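Before we start, here is the structure in question, set down as structure tokens.
When the chains are written out, they are named A, B, C and D in that same order, and each has its own residue count from 1.
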Amino acid sequence: MSYGSIVKVPFGPQHPALKEPEHFLFEIDGEIIVNVKPRIGYNHRGIEKAFERRTYIQNIYLAERICGICSDAHTTCYTQAIEDLLGLDAPPRARYIRVIVAELERIHSHSLWLGIAVHEIGFDTFFMYLWRDREAVMDILELISGNRVHYAMNTIGGVRRDITPEIIPKIIRSLDFLEKRTKYYMKALRSERTVLKRTVDVGVLKPKDAVELCAVGPTLRASGVKNDVRGDDPYAAYDEIPFNIVTDDGCDVFSRMLVRCGEILESINMIRYALDHMPSGMLRVRMPMAVKPGEAVSRVEAPRGELIHYVKSNGSTRPERYKVRSPTLANIPALCRMFIGQHVADIPIILAGIDPCFACMDRLVFIDVKTNKRKSLDFESFSEMVRKQRNFRLA
Amino acid sequence: MAIIAEAIKWLLKHPVTIKYPFEREAPPKGFRGRPVWDMHRCIGCGLCSRICPSGAIEIIGRGQEAKIKHYVDRCLFCGQCSESCPRNAIKLMNDFEHARYNRDVMIYEYKRET
Amino acid sequence: MKTSKDLIAYNDLKRRIIDPGFCNLCGACESACPIHALKIENRRLNYTHNCADFMDFCSICYDICPFTEALLFETLGFVANAPNRAEGIGYYRRMLLAQAVDKKLRDLSHSGGVVTALLMHAIKTGFIDSAITSEREKETSIEIRPLLSLVPDDLLSTVDYEYFPSSVAMAFGKAVHEYGKTKIAFVGTPCHVRAIRKLEAWEHKIMNSLRIVIGLTCLWSFSLPELTRFLKERYGIEAGDILRIDMDGKYKVSLKNGKVAAISIPEIKAHTLSICRMCEDFTSELADISVGGAHPLKDWSTVIIRTEIGEEIFEEAVKADVIRTRKIEEEPNVYAHFVRMSFLKRKYATEEVERRKKHGEPVPPISIRLREFLPREINLLSSLKAEHIMTKNVITVTPETTLEGLLAIMTRYHHTGYPIVDDEGKLLGIVTFDDISKVLPSKRGGVLVREVAHSKIVTAHPDSSLMEIYEKMIQHKIGKIIIVDRKDHRKLLGIITKTDIMHVLKWPMKKLV
Amino acid sequence: MRREDRIVTKLREKLKEKIITINVPRERRIFIHIKPDALRESIKFLRDIGFRHISTITGVDTGDSIELIYHLALDGSIELSLKLKVQKDDHKVPTITDIIPGVVLYEREVHEMFGVNFEGHPDLSPLILPEGWPRNIYPLRKKYTLEHLRNSIFKEEDEK
């Protein structure tokens, strides 16, 4: 049914779906969305420019701060790119530890997303449950790395810390608990009417569109396309650890939920396998601080999908060019396609459906409170400002 | 019906949350907290200041006379300084409550006592 | 103003050690450098990037290089609390002969297999979690490379004796940085041991992981390319054919086809590393335990225990019946050979340093430092009198003692020179180790001390300053001076050795750079 | 014969003298440098042999020219980086949005950051940079250092 007149509804930058600023301009006909224009960049921090100013060691931590949730995926990708340039391989034990941390991160990210998704459809009990159980993963990660969010586990040439035999029983115990809970959640999701009504056949992305619009990660896999960097382009120890690529044919938000739940279970099994089969030996290879000229492309399956880093070095201690493409940006065209023909009320859950992380793709916008002027600053000029106030040198 | 059983089950259990300022959990072993300098071991090489990813460490002077300023508000708690220090002069402490109203009190200075 | 690039220690290291060719590729600088600017690749030390980008000021690589003067006396602090000291052996607690109980180990090694047995036992008991030794490269059997052993069986491939440079100190850094090991045993030649001790004196953080240092005796290391070329041109020996190399009076190259080529030491000496020709340390004087061969005994080793921790680990191994021991007194010939080699090395080194100085060739800073004192040390030595430090209870011999008897006394007390005193207590002369070694072992039973002793002796008085005595020693090229009464030149009061004077200079053990 | 080599052979047959260099640094990575006029042709060919997924477009400022790198993936496994150089003064490149629709945002991003004009792109309006960002300032070009950016942007704002 058409009302004949098209109304433009701005959605964001501050919007109910997520705690991150992003702007979408919806053109709606009655209750039906007919067109959508994304406008990203509210979180743009000029990180790619900042990469060129820092040494390779400092950039590990900068890469980690591209995103708060998939911090490990970004550092893995970064360190792999540099290792590729240096022509060295991380030792086997380090690669297993990378897998363990990456999969723990995936569990934590997916359960965080599931919580948000059910929160968007107003099912807050489920949200509380999920986030309570997510604490178990966070605690393991803190135990392994010393921090809940920014693990700083990876370094160029390996990992910084070992997973000692004392903490392995604790990890196994938490994994058992998580497995039990996740199975319960899958059962609950399938049987809960509230969830089914709000998510089945909502935000449909057909397999053909998904491939054409270059969607990645669980969004793509929920459209029935079997595509996973871990399996297709194995890095770390993924070529030695058996796992299934979880897909679903529903093409809607519900199947995206199921795919992520399935991936949590798959991750739990992978961590168990990795802990059992972890080889002994070196943790890291010491690397020179200067990198010889060259270029490398590194890919990692972040919790949200394919993450790609490109690095070009010029022989000095700082990279010449660093490019980051986070999975959320790749999913935006697909997201826009999903909106077409949907109801306005479903916008939050569809938007949340791709598990967007806008911090990953953007830049910092600053409002100077004193003059009330809006200023766009990248990270460097931000630090320059702080420096001016403080009058001290930033190395 | 299931929800009632579930609700009763959880009513009998302790709350999951901790009443934070009154109850505290100790951070696990190996926690990356605030770095602290042992100036008796520091040789003033300046590596921590140069390698810090966020520029939170400032070194004034060289060698034995060096003074370290650590800006906690800029610190990432990555532990790279402690890892790079050749003489183990930097240790990561367990404290994590660094929030203050004023930035000026978030600067820690370390000087060698003579 | 000097920029930070001029201040980095690498410039000095390059000028004084690397450029004159003194680097023996131990790799201590690679393990120590906090930013990994130095790297050993293809038997060369490479400077990979400008370290001034990262540091304002840093002196690690120069300080811990075993051939620089820095921290040299501080390192003595690790062994200086041992009860005994002797010329040519250094500070020690006990000296004995030992062998591994397991015959397999003895056969694998050149001699007693003590190091291997000791380390295997230590790993089994959990005292250490890894050991750094050297093993032969598979393809060219004489080239050796560092080996990090994590399980006892790995140690079976190690070689007890090293005649070629092996980057074991680099392997130590690897063990800490890359393997994350915390209880490491280190086995190396005197220069490696010195590098490790310097790192420890510097308080480098990787040294928190060090448990025990085992030193090997070492005459010289050979420059591998030069030696292989020499063997090929002169004797037609291919590097791949060599089965093993022994050194006992002659340099014996055993080939795979059963032949043995014996090459005289002066001939082979030309192909050693130039730094080794100026090295004065034969017994790894800074190690916790020193282990060396026991020529002419085939499957025993000479062991010198210097520190408490060395004593502890050795005793444990003896108790567990991994190692059996013998007293060194039973084998005077072993002792004589051992000390002779030590003196030989020192003699060659002194000659080489003097020759180089005369020709204006570069000399490593360590050799200069061992001969020249700092002003404050001179002050200290000038203010002390001989009576303050001299040994008063001197062990003396009578003129009628046979050389065999003298050797037995030497083996027991480990001193190398004894005043000769007649029945009335009159000083007649001095007999030293050199005098004995001039006589063939078979004839020693029939020769009396008075036939070989010097009657002309260098003496000093109790009130002479140490500096004076030291200068006298240098002048006469001797290691010990007898202190006699000012009035009665035949009345023996005490004895002072060069080691005693060095002991006075013992610096506080942990001193900052 | 490895899959990478087969693809390289196919590309050589198809594009011939349009290829400047081509190399396979390691498993599942191909770097190919082509002449600028062969872009559409090669993308079409690559899509037809299976490179349907485009990961991103990277721009690199190399001084006098801008290097565009199209990262394409074959069934997720082989990552092919197609490189071409665009002159800075005449920075025109044909769009490939009609061949691979998923590239639409990446082209806009490169347009904003490097000032490369994609001819035929449906919508090149600002995507990342804020409204009121001065024209002709492309932050990722090497010329625009922080000082330069700060001066040119804030001066304008201060004048207002």
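Observations on the model:
To be clear about the criterion, contacts are C-beta pairs under 8 Å (C-beta built on N, C-alpha and C of every residue); 3 or more make two chains touch, one makes a residue touch a chain.
Computed from a prediction, not measured in an experiment: that's the story for all the values here.
Touching chain B and chain C together: A. The largest tally of C-beta contacts between two chains is found for A-D.
In terms of their C-alpha centroids, the spacing between chain A and chain D amounts to 24 Å. Distance between chain centres (mean CA atoms), chain C to chain D: 64 Å.
A separation of 58 Å divides the Cα centre of chain A from that of chain C. Across the assembly, chain A contributes residues 55 that each touch 2 or more other chains. Multi-chain contact residues of chain C (touching two or more other chains) are listed as 35, 53-54.
Multi-chain contact residues, meaning those touching two or more other chains, occur in chain B at positions 49-51.
Annotation, chain-chain contacts: A-B, A-C, A-D, B-C (touch as defined at the top). Across the complex, chain D is touched by residues 38-41, 44, 46, 48-49, 84, 211-215, 227-229, 231-233, 295-297, 299, 306, 308, 310, 312, 320-321, 323, 325, 329-330, 332-334, 362-363, 365, 373-376, 378, 380-381, 384 of chain A.
Those residues of chain C that touch chain A in the complex are listed here as 35-37, 39, 48-49, 53-54, 150, 173-174, 177-180. Remark: chain B residues 41, 43-47, 49-51, 59, 62-64, 84-88 touch chain C in the complex. Interface of chain A with chain B (complex): residues 54-55, 57-62, 64-65, 132, 135, 139, 142-143, 145-147, 150, 152, 160-161, 383, 386-387, 390, 392-395. Of all residues in chain A, only 55, 91, 158, 162, 280-290, 317 touch chain C in the complex they form.
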